[in-house]
Amino acid sequence: MSANHGHAFPHPPTRSRARVLANLPEGHGRRLRLAVPDWPGSQPGQFLMLGAGAEGGAVRRDPLLPRPMAVYRELGGRGDAADCAAGERVIEVLFRVVGRGTALLADLREAERVPLVGPLGRGFAQVEADPSTPDPNATPGPASGPAILVGGGTGIASLYEWARVLAARGRAVAVLLGARSAGDLLGWLDFEALGVGLIGTTEDGSAGVKGLVTGPLADRLRESVGATVYAVGPTPMMRACAEIAAAHGARCYVSLENPMACGFGVCLGCAAPRRAGGFALVCRTGPVFPAQEIDWAGLP
Amino acid sequence: MSANHGHAFPHPPTRSRARVLANLPEGHGRRLRLAVPDWPGSQPGQFLMLGAGAEGGAVRRDPLLPRPMAVYRELGGRGDAADCAAGERVIEVLFRVVGRGTALLADLREAERVPLVGPLGRGFAQVEADPSTPDPNATPGPASGPAILVGGGTGIASLYEWARVLAARGRAVAVLLGARSAGDLLGWLDFEALGVGLIGTTEDGSAGVKGLVTGPLADRLRESVGATVYAVGPTPMMRACAEIAAAHGARCYVSLENPMACGFGVCLGCAAPRRAGGFALVCRTGPVFPAQEIDWAGLP
Amino acid sequence: MGGAAVSGKTAVSGADVDERVVLAGIPLRNAVLTASGTFGYGTEFAPFLDLTRLGGFVAKSLTLEPRHGNPPPRIAETPAGMLNAISIENVGVTAFLEEKLPALPEGVVVIASAFGTEPGLYAELVARVTAHPRVAGIEINASCPHVKSGGIEFGQDPRLLAELVATVRRATSRPLLVKLSPNVTRIADMAKVCEAEGADGITLINAIQAMEVDVERRRPVLSNILGGLSGPAIRPIALRMVWQAAQAVRIPICGVGGITNAEDAVKFLLCGATAVQVGTQNYLDPTAAVGIAQGIADYARRHGFTRVADLTGALLSPKGQ
Amino acid sequence: MGGAAVSGKTAVSGADVDERVVLAGIPLRNAVLTASGTFGYGTEFAPFLDLTRLGGFVAKSLTLEPRHGNPPPRIAETPAGMLNAISIENVGVTAFLEEKLPALPEGVVVIASAFGTEPGLYAELVARVTAHPRVAGIEINASCPHVKSGGIEFGQDPRLLAELVATVRRATSRPLLVKLSPNVTRIADMAKVCEAEGADGITLINAIQAMEVDVERRRPVLSNILGGLSGPAIRPIALRMVWQAAQAVRIPICGVGGITNAEDAVKFLLCGATAVQVGTQNYLDPTAAVGIAQGIADYARRHGFTRVADLTGALLSPKGQ
């Protein structure tokens, strides 16, 4: 059921027609740079809903629904590729083509418009400060120990801003990025530029350590005291991270990627089962959740 | 009911994925140049079915149906804008944006693909040689007197090849093109280059004679003996042309533009009421018809 | 095929056209409401639009007790549409009256939607809602297509429907709309039942029962197997049912199903609807309803109507064009 | 939402997968037929494909006498779909048997479709068609949604339907499919009637009754006002009905409605269809059916099925993923 969180929208979301500044290949994925009119700024871990394809010469009603995408980066008032009109702000989205919607996003060309609603959901800081279910094992409120950010596949896109903010706050930050192969380590150079501890793993060994990202996570947790894990990626990966964190007594937050129709808490389509029973709306109470809140077996 | 004409397909139609060579503004309309694999060549007055928009990164099921368009010009094995692969032939289509399908066609970009089925229907020569209902007032078979081609709006696009062929055959050809204003006289320069007698009319007087194209038609018919009128344009215009032709004892052919789903005689959606009762399929028995066959009042 | 776009042709505002309509006794500032289950409890849309600019909204269907819905997946995308199998997840009538309604700004027209597994439960809920001054009217959801022991039976069986409407009617004197199931052989028969049992109006249609399959997993996409189809795909079916019902009854009809823009909305009005509800389109564009109301007024002006209310049933016959 | 694309992943041909299915006693070389009213009399497609590569085709519905259809407009485009109100325009059974059938190449599986306003007229037509050796089977169209005195009553009323099927059954010993109307409350009940009265199989669904309006003219787009909705928009509804009917009867089901590619077709097979029919998609791509058959074989191979026939009903439950 939709809990009515007073803080659900740190910045109230807006609906706008984003302008495509650039749509660049990014390894096996794409990097989409958008100028968004009236973008109010987002919190690390928030997302947006992007129309499935450009607003062309005519309305096309198929595919119908917008697609949720993490706000990868906020570039502020100015992009690399083009200047910005007054009131526009520049953000980036990283994605992979997995179906029709993302294929149409990959087709977007410079200067085309795409409908956008956002920022949406509750980011890392907000959930940490006000988890929907207080973690009985931990003091609520912002964590202060080392932060271990674990990204798998396109989940990487949800972590960049959080890594940046934590590093700026002076937290010890380690970023562990895992993917199938080198081309799937989206955003790698941006993370490198942050100057945080960065480890990459690939399943095929084409870059970084060969294997799953959970290996380095366990290593790190053995070495750290009072660490908090922030894991975003495929469900099995997040579940494994949550178990490893629990085994080491570390707090763990995850960010779920259930299919969504609206993104702002009204269709009730994105429900995730809670361990305590009932459901939480991923788009509204999440997408970030304390890992122990999630009934992993009940996720599709 | 679909008459089963042995000559329905002078060249059997093919289904292919046409390649966009150019999509150029043409007055208030567009000129689309396509490289069509396996295009067998068409007869003047035939048409094709074009998918409503490019084959993009993903199938989009809305708008659903292909759009009928006259084959404006055959450019043979080579276009102005790009070279052609083996087996491809270049054709042009002229159109105006009137709804979603044509808006998406206007969005087509160079190198994009668009599904195409054609050539379809029976052209002028074929209907003249084998009208579905023999004209009791005229000897069947190709006409020999002066040819007066009357085009209104986008109907102009159906006449260029016919004008070219007739002129090449040595027939006396007059082309009368009418439109709302100068920018709607699509293909004007191409017609000029044919060296046929050419008169333009515009409703706003921005080019040629101010007024409707039916004025010059009546003038011509008064001066000609044994003329045949070929009129393509909005229904009221064709109906008026047919009446003027009949008043002068001239034969008249028209080309109807009923909405179509298939274009090759199976959906039965394009039926036009016959004066003799029953219906004719515009896509199969037409689109060219002897004007006196049509029950004008029964057209939508 | 289809007409030209409706909106954007006139720069003039709708001030000269009277946009007001009266739906089942509820005065609305314009003919555009938002549909139950697609507009939450209203407050979710406050960041996007001024709620008082809506004709009104129908809140998520309520049950007497708070209710959890189906396990995920609950939604699936289909050609020009979507499936849902939420199963009337809601906060319950108490939280609705005590928390949700008071959170709404003054001047917002709220229609409560009632759901239950027995007529008596509907009636109890309706009685509670009736007492609240902020509730402008009540819509009973006789049509939820995916709760096994719920709405589908009421809306599909004329006798059950008659019993339901009669029971609820006794429980309230407030404007009462019955939202019908589209999964029936003859919608006109169901509309007549509602009229005979004293409903003030009819809302149609709810989502159409449908199914989607994930071929890679070889499983139904929805945990519930079946779900309700909504969105543009169903618009021609909804339009047909509104037209058929409008031929059969005199009580007002609220048209719902696949409305994405003013042109779509006008079609429902012309076919006999007094007002419309925007559903799935709210997910794509949370500001949609306000623009649609404006576009209807523009259409009315361009076609020489001084009152939007006069568009209701103003369809001409197909002959004599 | 939706699975990945089915076709194009394997370069290997379908030779190792047995593509044959038996539909209502008719052996087919593959599971893909084309639907009545969308494939003419077959010859229209000869320029585009080798007709013998189809599982088969269902010819345009026939009446005893040649029949003119409705005045234009007869079609309209709708979101991801189209409306038609053709009204069973056809050459009549005599011309079909004497001109259309002989024009087809050897080896094409032809299913004749019968239509009539009374059971006796259906039976008379079916008896005539039965005698022709080129007719592999008969589909009776109990479902045409736009002829006032025609199909809609048979397919919508269980008693009328029983009488129709029983009467036609007595007139032929050839494979008999009944094509049902989707405009009913419970499709499973109608399927059971067909099974009880001796039909060899069921085809579903026909187009869904619907309507479109031209707001600029303020008129229905179709001269007939109502028409049948077909195309991708209706696929989730068709799939649901096939699944419901498959739960209710043991006779084979031929699935139709919105199929555009192999993935769509596989969904119908998994839900319990023995074969499928491609309809509206033929207008967009007259070669579609052959590619779909190939794509089904590819799917079967990738999923470890050696026979396409084994896909029928191979849907797993939504739980235990």
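As written, the chain order gives the labels A, B, C and D, with residue 1 at the start of each chain.
Keep this in mind: a residue touches a chain if its C-beta (ideal position, glycine included) is under 8 Å from a C-beta of that chain, and two chains touch if they have at least 3 such contacts.
This one's a predicted model, so the numbers in the text were calculated from it and none came from an experiment.
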| item | value |
| --- | --- |
| Chains in simultaneous contact with chain B and chain C | A, D |
| For chain D, the least number of touch steps when starting out from chain B | 1 |
| Chain separated most widely from chain D, comparing mean CA positions | A |
| For chain A paired with chain C, centre-to-centre distance based on mean C-alpha positions, whole Å | 35 |
| Separation of mean Cα positions, chain B and chain A [Å, integer] | 54 |
| Separation of mean Cα positions, chain D and chain C [Å, integer] | 33 |
| Between chain D and chain A, distance of the C-alpha-averaged centres to the nearest whole Å | 46 |
| Sequence positions of chain C contacting 2 or more other chains | 1-2, 4, 75-77, 79-81, 223, 231-233, 321 |
| Sites on chain A at which at least two other chains make contact | 59, 61-63, 65, 99-100, 259, 300 |
| Arrangement of touching chains [line / ring / star / complete / other] | complete |
| List of chain D residues in touch with chain B within their complex | 37-40, 43-48, 66, 68-69, 71-77, 79-82, 84, 86, 89-91, 99, 223, 231-233, 260-261, 280, 282-287 |
| Of all residues in chain C, those that touch chain D in their complex | 1-4, 6, 75-81, 83, 156, 183-186, 208-226, 229, 231-237, 239-240, 243, 258, 263, 266-267, 270-271, 299, 303, 314-319, 321 |
| Residues of chain A that touch chain B when the two form their complex | 53, 56-63, 97, 99-101, 103-104, 106-107 |
| Parts of chain B lying in touch with chain C, wherever the complex brings them together | 61-62, 65, 98-100, 259, 300 |
| Of all residues in chain C, those that touch chain B in their complex | 1-2, 4, 79-80, 232, 321 |
